[in-house]
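All chains are identified by letter, namely A, B, C, D and E, in their written order; residue positions are counted from 1 within each chain.
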């Protein structure tokens, strides 16, 4: 991968944005609070978007049903954590983790299993056709959401954060929620794993090639179909993980939560450029920061900050910050 | 005569022709043959959706632009009428002013969208319109001074169109001749004219160029068509028709709010109808809207019956509960993509085509080797 | 020697409602270069795609090395040592030339693991492949794409090489290189099946030849026999030029 | 027609975002009818039939359902809906058909305010009642209040009414955030910046409706310890009160909590609910129950007559028992005046949610709710 | 009479100069063949002339009119027409529809050209007739109602040329029109080109690798190599020139197939059969 010069400009966007707003915010402790909170938020967003970088970014499947896996992960977490109330109620972080980790693993497994079925029945007939993907995955989304209601009921369900993960850490005068710091760790792990898999193995290449010309990849002797299933399932599992993280952040889960984050994560991917993990990370960080800065400076505009950001980026680079050629 | 009206674009399939006739005749006679307020409401909604979906078909089916912002124009039309009536009172000039202002706003926005669609790749464009539509909806609910916010606007229409206006105290064929009936026929005629106009547009030389651009933009440019101009014109036309559909809706409901005309759900319904009906056919919009709106309106009732019938099987009954009607709607999405990839119109037409087509490839060609 | 590696017996293929192949019988002898000729629309491409499993044969039998491969999925057929270059070349336009080559080299995990000797040989045949190593393949010229497509099929040793119109769009100098390359491959024991329009090219290379028309093989035999019999050529191929 | 069934349409969100609320109302309505008729479901020999309709939370749907109910199903009166927007769209329909619409639980002031017509009654509380009761909780000399609300009509109106009801305390900052905010860091930061240096007691008064209220974010910031800032808000449904658990001592005013009112009706409802669902009744169950009590009381007064004018005459000024004690339909605007409850949160490990303990009952007379309709 | 001129026409892709300061003019009534190794810049040169690519520098003019600032569609209206090397059609429309669209684009004033929203296309019979004639001349008439996607490769190549004919341009640019065509079918195309040539008023540019075709048809040959124009003149003379013999035809007089292990310089096409046993 050393043959091509690495493009540093997009990476510089993040610190650039942070420095740019400093004079407007004035108080440096406020700025630190907002910046750290924003970056950590970005990491959470990255985790929930990471699955979609595989499914949409790499496989080019416009999966509107992706949100269902996020919701599913969160609902599974309510059940698992509910069953392990002793561990979550304890103030010890270690015990909390002993509950949260299994919740994550189980949520990922369940999401992966459902992902397998979703790929088979919903996505397989429509590879390569965006319009049909939109329709059929929308259908899948609605079905998934309704099934969640059938199983868990239509009510919002509280997902209390384990005792030891609550509260905040004071960095000087700036307060940062403890949970966000935890999310950063998860985010970094997911990012590292994805980056490694996609750049150090042929997997990423094969998927991209398969999207362009499935028949040719098969003619080269690869069972692209199996690969697609695998990647889709992995994407769903990551969405499940994202759901756990997001659910614990919100501390309540509703069946509609998947649909609520859908647009957000699509925006992150567009900013990042399809198929680029690093791009998605940058997109997520920018969105997280931007939300906090505009929320503080001009709360009215906070709503449109994502869209404005996306438009600005697309005017600069119409393919997103890291476009995979073309 | 009929050929002129239909712009030489015949249904090209007997079943399809019969279906179309059934839809049109039913809509024309609904007030007299299907009693009840609900039926009339459903029929009016069908009329509105026919125009809305047909206008979207121009954009999606003929031009190949996937935009999620179509309901935005629908909403602009509805809000135009609603705001005008609220502000200016229930008069005809108010209606004209509302529609005109809405059309103007739609024109400007569609122009911007049409031009922008060329800058970014198609899939990004659709995601951007998605975000835009969401932002527009939020904006509409935030500008509560003008739009009534989340609560929307309830307003009065010119008195001849309002239900309390009776043209004769004697019911005609058991139907009271009131303003509501007049409104219904106003919608009916408007829808008919607008659909025929769309049919004409897609069958004009312009419409054919749109199809070419959809198939191969690069080559269309190379043989001398300026893609920007065509795309933008199409985006604008489709937006204007959607705006009119919105105006029809507001006139019928005498209410408008963000959920009623701007919600993403409507966008989904429109997408689904286009696909079920058959993209790039216009006729698909008519058949699809008829089927879908009726099915959607009575789905809950049907489910209630089904759920009661299966009350012995609790899990099935839970799935068939009318509260889970969306589940079945979702299933409809999935199945329609499975079984109607080219829509009802496409399917019917290909049935005929397949039976008529000569054995193109296998037939003997003169060949020196096989003397 | 004359045992055939690939055999088609009475293969019929339908594409949708169309009946395209009407019982193709074809023998591709092991270690030889077989030319499949025929006018446009004769069904040559369809035959190759059917062999690769990209269209399903509706009747008949295809065997490779004695094994029935008729109903097998494409990757499995390719996995038996078949390399295929389709008519449209099947270049992954968004990937670089290097990445295209890497995907064709099934055993290599990254570009450094591709057999260096072989790569050098390919570079010497098709210099453009080396020159544009790190460029997106979609930007190559028509002929360069064709070179890349052929390079991909020979980046690793395969038992059977199937190429749809290898000479299309290539400059004469490169065609010479290609003829040389096929000769060398053949000497190393590779069996080759080519579809060609360029009879001069075909003549210089082919050991055996099959001519298709209208979804059937209408002539099969040695290349020399056909090359010498102008009348036959004329009646089969309508050579006018 | 006086001998046929009494048909009541209940139009509510069986599906849609407010599905959970609507279903509580329906449960309460049926339980209430059962209770009020002593299990007979008849008044004066006429059977009460409830027809359910799902407005999906959509105003246009609600509107045409109500017309269908009045016109096609020939119901005598209608109850509902869940959402204020739907209710507002429905009001003219009641007037067109000259039939009663008993609004429950939609809260917008305008329903019994400037959009009102004489066929509209409401058992549910209105926003002003919410605001006035919440103001009563914090309204003391020397108190500084910053408000935190959603940036749309509901939030802004709520804060406006809240401010109008305040007499002594001072509002030092109003923060409005987008309704679907998920990251509250910036908003809280702004509020805290305004509030932290004020002397005396300091409150953040929250008006928030929706799935992700800011309480967790507020709790995580430890504002009480760091700056001595308290959080105050109204009641909510039980799942939403889970996040209150992190604020032991938080005060506010609520419309209903099953443990608070002490009266036979409430006791009966709680018992019946436990029996049927093995869980306590919630916010909107009480509302539905109250609506049922209102209907049956009125029908008894008219001897089962369902003529709209007779019913209106019976209901204006009518008092009736509910799980929240006695309510009275005010003559001027047909709004049911009712008690609200000043509570203080206790974290009780036996409950998943923060338990609101009664501080005192705020009587209707105390609140002085303005009449906003023009009659 | 309008002649086509390019002046210092240059395009760079990053560091790579694909067409390098090509100055050349083409007279009506002549057929100029453009030859050169793969990747020499022939297609790119066409792209620059017809407007698919924007030149880094230099200009294109037709009949003295500067076309440099025009888009591809404007240049088509100005009289430039081209067929593409890699087939590029409207796959899900019928053969007839493809040609008719091209006829519509070229004929009947701006009003009828397609911005006409209100007439019905099938009423424009003259357009349909003309499209029919063109299909007849290229032996595709029996397939006029087939979808293009279902045509075999050779027929698609023919249709590619048919679209160009339908445009009735001043300048015809053919990019390997017979690539992948059977020897029995190619004459249809070649006949068409001959007929155009006989007309003596059209400017014809032809990129072709088949030297026998070039030899027969060309009035003049220009040679591109590494983006530069390296030879220009009478066919026989140019073909005999060393640059064509070596760089293009690969007929190096002294076949230096020694045994060097290093591959030749990538910029130079290898000579003859230098290769190693894999």
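A few remarks follow.
As a convention for this text, a contact is a pair of C-beta atoms (placed from the backbone, for glycine too) under 8 Å apart; a residue touches a chain by one contact, two chains touch by 3 or more.
Chain-to-protein mapping (UniProt): A, B = Branched-chain amino acid ABC transporter permease; C, E = ABC transporter ATP-binding protein.
Note that this is a predicted model, so its numbers are computed, not measured.
Shared contacts of chain A and chain E, meaning chains that touch the two of them, come down to B, C. Think of each touching pair as a link: the shortest run of links from chain C to chain E has 1 of them. Greatest centre-to-centre distance from chain A is found for E, with centres as Cα means.
For this pair, chain A with chain D, the centres built from the Cα atoms lie 37 Å apart.
In this assembly, the C-alpha centroid of chain A lies 45 Å from the C-alpha centroid of chain C. If you average the CA atoms of chain D and of chain E, the two centres end up 76 Å from each other. Looking at chain B, residues 138, 323-324, 326, 360 sit in touch with two or more other chains.
Shared contact sites, meaning residues of chain E that touch two or more other chains, fall at 150. Within chain D, residues 19, 151, 178 each touch two or more of the remaining chains. Taken together, the chain B residues at the contact with chain E in this complex read 7-8, 200-201, 203-209, 211-212, 215-216, 218-227, 229-230, 233, 237, 360. The part of chain B that touches chain A in the complex is made up of residues 60, 66, 119-124, 126-128, 130-132, 134-135, 138, 268, 271-272, 275, 318-319, 323-324, 326-327, 329-334, 336-338, 341.
If you check the complex, the residues on chain B that touch chain D are 36-38, 41, 138, 141-142, 144, 149-152, 154, 163-164, 253-255, 257, 259-260, 263, 300, 322-326.
Residues of chain E that touch chain B in their complex: 50, 52, 71-74, 76-77, 82, 84, 88-93, 97, 100-102, 104-106, 112-124, 143, 146, 150, 163, 167. Of all residues in chain A, those touching chain C in their complex are 3-4, 201-202, 205-206, 208-209, 212-213, 215-224, 324-326.
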